[in-house]
Amino acid sequence: MQRIGVFVCWCGSNIAGTVDVQAVSDALKNEPGVVFSANYQYMCSQAGQNLIKEAIAEHRLTGIVVCSCSPRMHEATFRKTAAAAGINPYMVEIANIREQCSWVHKDMLTGTEKAIILGKAAVAKVNLNTPLTPGESPVTKRALVIGGGIAGIQTALDIADAGFPVDIVETKPTIGGKMAQLDKTFPTLDCAACILTPKMVDVAQNENIRIFSYSEVTAVKGFVGNFDVTIKKKARYVNEDVCTGCGACVEKCPMKKVPNEFNLNMDNRTAIYIPFAQAVPKVATIDPMHCNMLKNGKCGVCSKVCAAGAIDYKQQDQYIEEKYGAIVVATGFNPISMDKFDEYAYNQSKDVITSLEFERLTNAAGPTAGKLLRPSDHKHPHTIVFVQCVGSRCSACAEKGKEYCSKICCMYTAKHAMLTRDKYPDTEVYVFYIDVRTPGKNFDEFYRRAVEEYGVHYIKGMVGKVSPEGDKLKVQASDLLNNKQLHIDADLVVLAAAIEPDKSARPLATMLTASMDTNDFFTEAHPKLRPVESPTAGVFLSGACQGPKDIPETVSQASAAASKVISLLVKDKLTGNPCVASSDELMCNGCSSCERVCPYGAITYVDKEFRMPNRTIAIRRVAQVNPAVCQGCGACTVACPSGAMDLKGFANNQIVAEVDAICK
Amino acid sequence: MQVNEKKPLIVAFCCNWCSYAGADLAGNNRLSYPADVKIIRVPCSCRVNPMFVLRAFQRGADGVILCGCHPGDCHYTSGNYYTRRRMAMLFSMLDYLGIEKERTRVEWVSAAEGAKFAATMNDFAQTVAALGENKRLEDLRCKR
Amino acid sequence: MQKITRDVLVEKAASLLENGTVDRVLGWKKGEFDYDLTPAVFTSADDLKDLVWNDFCGANFSKYLIANTKKSASKVLVFLKPCDTYSFNQLLTEHRFDREKVYAIGIPCEGMADISKIKAVTGDGISSIECGEKINVTTIYSDDTVSFDLSDVMAERCVNCKSKKHVAYDELIGEEGDVIESGRFDEVERIENMTADERYAFWQNELSRCIRCNACRDVCPACTCEKCVFDNPNHSLENKAPATSFEEKMFHIIRAFHVAGRCTDCGECSRVCPQNIPLHLLNRKFIKDMNTHYGEYQAGAEVGSRAPLVNYTTEDVEPGDVFEGRE
Amino acid sequence: MYRIAKDSINLLFAKIAEENALYLPVDNEKGSSEYKKWEDGTVMSEKLNTVRSPKDFFFPQVENLMEFKTEGKNIQLIDIREDSEDFVVFGVRACDVKSFEVLDNVFLNEPVDTYYKNRREHGVIIALACTRPAETCFCGTFGIDAASPAGDISAWMTDDTLYLEPNTEKGEKIIALLGDLVTECGAEAVEAQQESTRRIMKKLPLADLTTDAFGGDKTEEFFNAPEWATLSESCLGCGTCTFVCPTCQCYDIKDFNTGKGVIRYRCWDSCMYSEFTRMAHGNNRLSQLERFRQRFMHKLVYYPANNDGMFSCVGCGRCLAKCPISMNIVKVMKTLGGKNNG
C-alpha cells in the first residue's frame, strides 16, 4: 500500500479563485492510500517544494499527487522535488486543476467538484505507480543540419567550432539560401553578400563541416543520440571533387535560355551552371531538364571544354547513410505564390513584382546589374507603389493567404523605399500599409528616416486593384486616414508577399516525427522556454522553419540551436524516458502484432526457455522491447491481444483506475 | 442539498503532445467547456485500448471522446493512424450492437487548437446530453 | 466433385506413420453416436480403425498443432479442410507452431452437416446416421429412415463457405477448389439495416443467453494467448461470469476486437456455442468493415500478411465517417 | 393423483402464478428451450429438456452475497440478500430433479449454504415425466426412472391430460391452491405411459451403461490410469460441460468494485479452467489432464466417497450434446470402466 501525500496548489488566485482548495485537500485526505493532504499558495515555489519535501520525510510518503497547473508545466519540477526528498520521481502524479479546471470553469462549486474528481483520479493512479528508472543510450557525436541558408550556416559553424562534426544538407547546388539573393540588409544597410559570403567560405573551409549540396534527406530512423539518416545526393553530372569552378563550361554551354531561378527567372542561365559567383561549393551543376546531352545525347560541349575532366554524364543519384546524434532543421521559407492575387495583376504585368524580385533588381549581381529598371521595358520607373501585407494577416482569405504576420515585410519595404529614394530621388515612392510594425533595435528610427528624411509616401490603406493600362499600372487604393480613394499611375508595383515554410518541411517533419502547426511551421517544444527545440527529442529548429524571422533573429536562434546541439553532443550517454513499453514474457504468445505497429522498431523477438507444468521446459518466442529505442507511444499495448505488452507510467491498470475514479 | 439532475459524464482521452496541450491552451485562453468533461492524459491516442472506452461506459460515462494529433502530426509518427482504424472499427461495432454512435467520438486537436478543443467539448457535451443517460452500455451494479 | 472416403485418409495416414514421416495423426475419432466425433491423436495403424471422415467432421485441427508440434521430434500429420487451411496459415503468421513439424494433407470438403438441423426434422432419439450420397437417419421412434441432402442440413458456415481452395498443404487429396463468392455478409447487412433499437434488442437477446463457458474462445484458432486477458487475475478485464448485460457485451466485443484482422471466419465459435449465439456475426462485422474501409483482406490467405489493424494508410476513413450512408 | 385437461393447462399456470413466480421451459428462436417466467400467453416447450439446467433456480450463475460501502476511511458491511419470492418450477425432468439431491448434499450439509437453502425453501418443483428420451439420455445408469420423476409434485402429460401427484407438503399446498381446477383420479392413468417410456429407455443406445466400475473406493484404481491422457488430449478446457451440468456446483467468490463500494458475489466456476482454485502458491492442477481427470473423478469417485455412494451425474446428457469436441462422461466411463460399461 502506498503512503500518498496530496498537495493542492492555489496558484495564487489562478486556482484558488475558482476552486475551494481547502475542500479539495480535505476531500482527498480520505482517498485510499492518502496519509497527508495540504494546500499552499504556490507549490512550485521554493517554499512550496520544501513543504512537499518535509511532508515526504515526516510522513514517509511513497508517492505524491500535486493538484496544480498542467503537468506539461511543472511535472518535471515536482519530480525533481520528489527525487530530492528521496522518492522515485515517477511516483509523482499531477492533477491538472488549473488549465483543465479553474481556468475553464467559472463556478466555484463546479470547479471544486471537478478538482476533487481529478485529484481522486491522480490518487488512484499513484496507488498503482511503480518506481521507474530511465535507461541509457550512447550519443553519436555528429550533427546534421538540414538547410544551408544563413540559419543552417550559423548553426553548423557554431557546432563545428565546438569541435563536433557537422553535415549540412542543402537541396540547391549551393548553400547561402535566401540571404544570398538579398541586396542590402535592414536597418544597417550593409550588403547581404558582404556579410554572408565570408561565412559561406568559413563553412567550406571548416574541417568539421561537410556540405551535401544538391542533396536531400530521404529517410530518418532512430532517436535522439542515435539517428540513422539517409541522404540522397542528386546526380549533378559533375564530379564535385574534381571541378575547380573555373566556369569554362558555363561560358561554352550552348543552352543559354534556361530561366535563372537564382534571379527569380528574370534572366536566363545556361544548362550547366553555377548559381552565383560566390557559390559554395563552387562547382558546376548540369540541369538535366535542359541539357541536350542528357536529354538526347547530342552535345557534350562542357565535357570537351572541362580541363579537369569533371563532367560525368553517367553520374547517378547516390544514397549516403550516416549516423547523427542531433538533427537541426533549417529549411527556411519562401514567398507565397501570387497566382491567387489577381487584383494585383501579378500574372498580367511584368512590372508587378514581389519584394524578393525587387531585391534582385537592385542587386549589383542581379539581372539588371543593380540598376532599377522595369522588367517589361527596362526603363527607369518614376512612380513605385509598394503594397504591404500581400497574403499576410489575411484572416478572411485563408485559401490564398496566411493568417499570420510575415514579420519582415515592414522593414524590408522601408528599406526598399528608402534605397530607391536615395539612389533615384526623382522617383515617387508610395507604401500602402495596414500597420507599420517596427519593434526591433533601430527599426522604428529606420522607418521614420524613410518617411521623414527620404520623403516616402506612407499611406494607411490597402490597394484594391492594379490594372495595367499601356505602360502604366493604374493603382486604385484607399487612404484610410484621409478617407479618400486614390488613383496612382505607377510604373512599378512591388508586392510584399507573405512568407511560408519551404514545401520540403512537411514531409521532413513526418520523417522526423516532429510536429508542425497548421501553417506548416515546426512547433517548438515550448513557445517560450524551449523555442529552438522540437518536441521530438534530438530535433532542433533554426530560423524561419519555426516562424517568420529576420536575419538577426535567425542568426541568434541558429546559435541557440547550435548550443542546444552542443550540450547534447558533449554527453556520452543519454538517459531515456523510463515510460516505455515492456512485455510480460509469461503472457506473450509471440504473435508479432506489437512488432508490426511499433514505429521505432523497438520490439524484437527471442526464443526463450520457460519452465512449464510438471518440470517440463518449453521454448517460446516472446517479444522484447529495447527501452532505448522505445519512445513510449503505447501502440503495441493495444495491438497485443494477450495483455502482455504494457506501458510503464501509463499502464493498463493505471488508466483503468483513472477511468474508474472519474466515473465514480 | 438539492438533488442535481444527472449531468452527462464525459471521459476525454487526450494525447500528451497535441490534444492535452490543446486543452491546456483552451485553459490558458479561458475558453470554457462543461465540467462534465474529464480528461485522462495518455502519451498517444494509440495508447487507448477499447477496453478503456468500454470500462468508462460501464462505470457510468455517458460519452467517450478520444483526442489525438492530426493525422500526419503524431508525435510518434503513426500512432494516431492506428487509433483511427481501431476506433473506426470499435465504434462501428458498438453501433452494430445498437449503441448510440453519438456517444463515441474521435477528434484531432493540435496543441495550437485550444479553441477547437473547447468547441469540440462543448459540442460533444451537448450531443451526449441530448442522448440522455447511457443505458445500453451501463452496468447496473455501478449505478446506485 | 468426388467425395473422398475415410479409407483414403486411413490408408494415407497409415503409410505416413509406417514410413516414419509422422509419428502422430490428428483426425476425427468416432463417438457414441454417428455424429459426435472427437478430435483425436492417432499414433498407430491400429488406432486408425476409429478414424472417421463423414459429414460431421467440423472440428478444425489447426489450433491443436500448437501443442502437438511440441510433443515429439517428429512431424504430425494433420488433415485440413479448405477453411482449416486459413487458420493454419494465420497461426503460422503468428509464429504459433513450427511449419517443419507438420505434414499437412489438404482434403476437399463439400460442407458439414449441422446435427441440430437434422434433429429439427427427426426429433431426438437418433439411432444411426449414415453419410453417403444422402444422409440417412434412423431414430428409435420410427422404423423409417429419413434421408437428407447434405445441402438441406448444412451448417450455416458451410452454406456461406468462402473458399474451397486450400491455401496451405504438403499434399492434396482430391481436386482443388476455388475461392468462392458467398453470401456470408448478408446477415451482417440485414442487422446493419435494422434501426439502432432493433439492433440493440437483437444483440441483447442473443448475448443474454451467454453462459461464459468460453467454448467460443477456447475453440477459436485465433485465440491462442498463453493466458487470455479474461482469465488473467492481474488484468483489469479478468472476469468469469456474465454478471450483467454489460459483462456479456464486454467479453464478446473485446474478443471480437482481439481477433479482428486475425479471424479467418472459420465459424468454429458459432458451431460450439451451447446457446447457439451467432458469434460469427460479430467477427464478420469486423471483416466486412475492414474489407469496406481498408481493402479486401482475408486473414490466413497468405502467411505473413499484415492485418488491417496493424496497418494503416494516411487516407483512412475517419471514425466518425464509418457510419456514413447508414441510419 | 389429480388430473386436469391439457386444454386447461393455462388456467393451472395462471392459478399457480397467482401466488408464486412460475417458471417453465419455453422454446427460443434458436430451436432450444430455456426456463422463462410464465405470463399470460406463455407456451410451454415440447422439447425434452432445456440447455441450461434448472440448477440456476437454487444456485444461480451469479449471486450477490454482500456489499461493502466505504465512507471516508470507514467500511460498512451491507447484507444485500434478496428476499426470495415463492416460486414454482414446472416441467423439471427426472434427471434434473435428482440433481437437486446432489446439490443438497453439498449445500445443505454443514456448513449450510444459507443462500442456497433460502432459495430451496422457497422453490416448488413440479417434475414432468419423460416420454420421448433422447439418444443422449442415460439417467437409468444412475437409477433414475424417467417415467416416474420425484419432486414436490410429479407430473405426467398425455395427449389430452396432465396428471399431478403431490409428493411433499409443498406439493400438497400447490394442489390445494389449484382447488377445483383439478380432479382426483387413480394412479393407473399414467401406467401405460410409464411402461412405454421404460420400454423406450431400454432401447436407448446408452441403456447398458453401468456405474459398476466406479464408486468411492476407486481412487487408486483410476487416478493414474494412462487413459486420461488420450481422453483429455483434445479437451479445450472450456466450461461448457460444467455450466450445462445440473450437478456441477463449483463456484468462485469475487469482488466487484462499483466505485461506490464493493459487491461480493459468487459465480459458477469450472474445474476445467486453468485458473480454477488458484491459490497463493499458484495453481494446484497445472495441466488439462489433471483438470479433466478432476472433473470425472469427482463425479464418479470422490463424490460417491463422501455421499454414501451417490454419483454426481444424473445422466441428463447435456454434456454429450454440448461439448464442443464431443468428449463426455459416457466416453470416460466406457474407456475407464472397461467392457462392463457398454
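Points to keep in mind about this one:
In order of appearance the chains are A, B, C and D, and numbering begins at 1 in each one.
Simple rule for what comes next: contacts are C-beta pairs under 8 Å (C-beta built on N, C-alpha and C of every residue); 3 or more make two chains touch, one makes a residue touch a chain.
Remember, it's a predicted structure, so these values are computed and weren't measured experimentally.
When the partners of subunit B are compared with those of subunit D, the chains appearing in both lists are A, C. By number of C-beta pairs in contact, B-C leads when B-C and A-D are compared. As a whole-number value, the distance joining the C-alpha centres of subunit B and subunit C reads 37 Å.
Per-chain CA centroids place subunit A at a distance of 72 Å from subunit D. Taking the mean of the C-alpha atoms as each chain's centre, subunit C and subunit D sit 30 Å apart.
Annotation: 30 Å between the Cα-based centres of subunit A and subunit B. Touching two or more other chains at once are residues 256, 259-260 of subunit D. Touching two or more other chains at once are residues 227, 236-237, 243, 309-311 of subunit C.
Counting partner chains per residue, subunit A shows two or more touched chains at residues 597, 639, 652, 656, 660, 663-664. Interface residues of subunit C, counted against subunit B in their complex, comprise 191-192, 196-204, 236-237, 243-244, 246-247, 249-250, 253-254, 256-257, 260, 282, 285-286, 289-290, 293-294, 308-314, 316-323, 326.
Residues of subunit A that touch subunit B in their complex: 70-73, 96, 98-101, 103-106, 110-111, 113-114, 117-118, 121, 509-510, 513, 515-518, 523, 535-536, 579, 597, 599-600, 631-635, 637-639, 647, 650, 652, 655-656, 658-660, 662-664.
Taken together, the subunit A residues at the contact with subunit D in this complex read 30, 613-614, 660-661, 663-664. Only residues 59-60, 141-142, 144 of subunit B touch subunit D when the two sit together in their complex. The touching residues of subunit C, counted against subunit D in their complex, run 31-33, 36-41, 59, 64, 116, 120, 123-127, 139-141, 209, 211-215, 217-219, 227, 231, 233, 240-243, 268, 271-272, 274-276.
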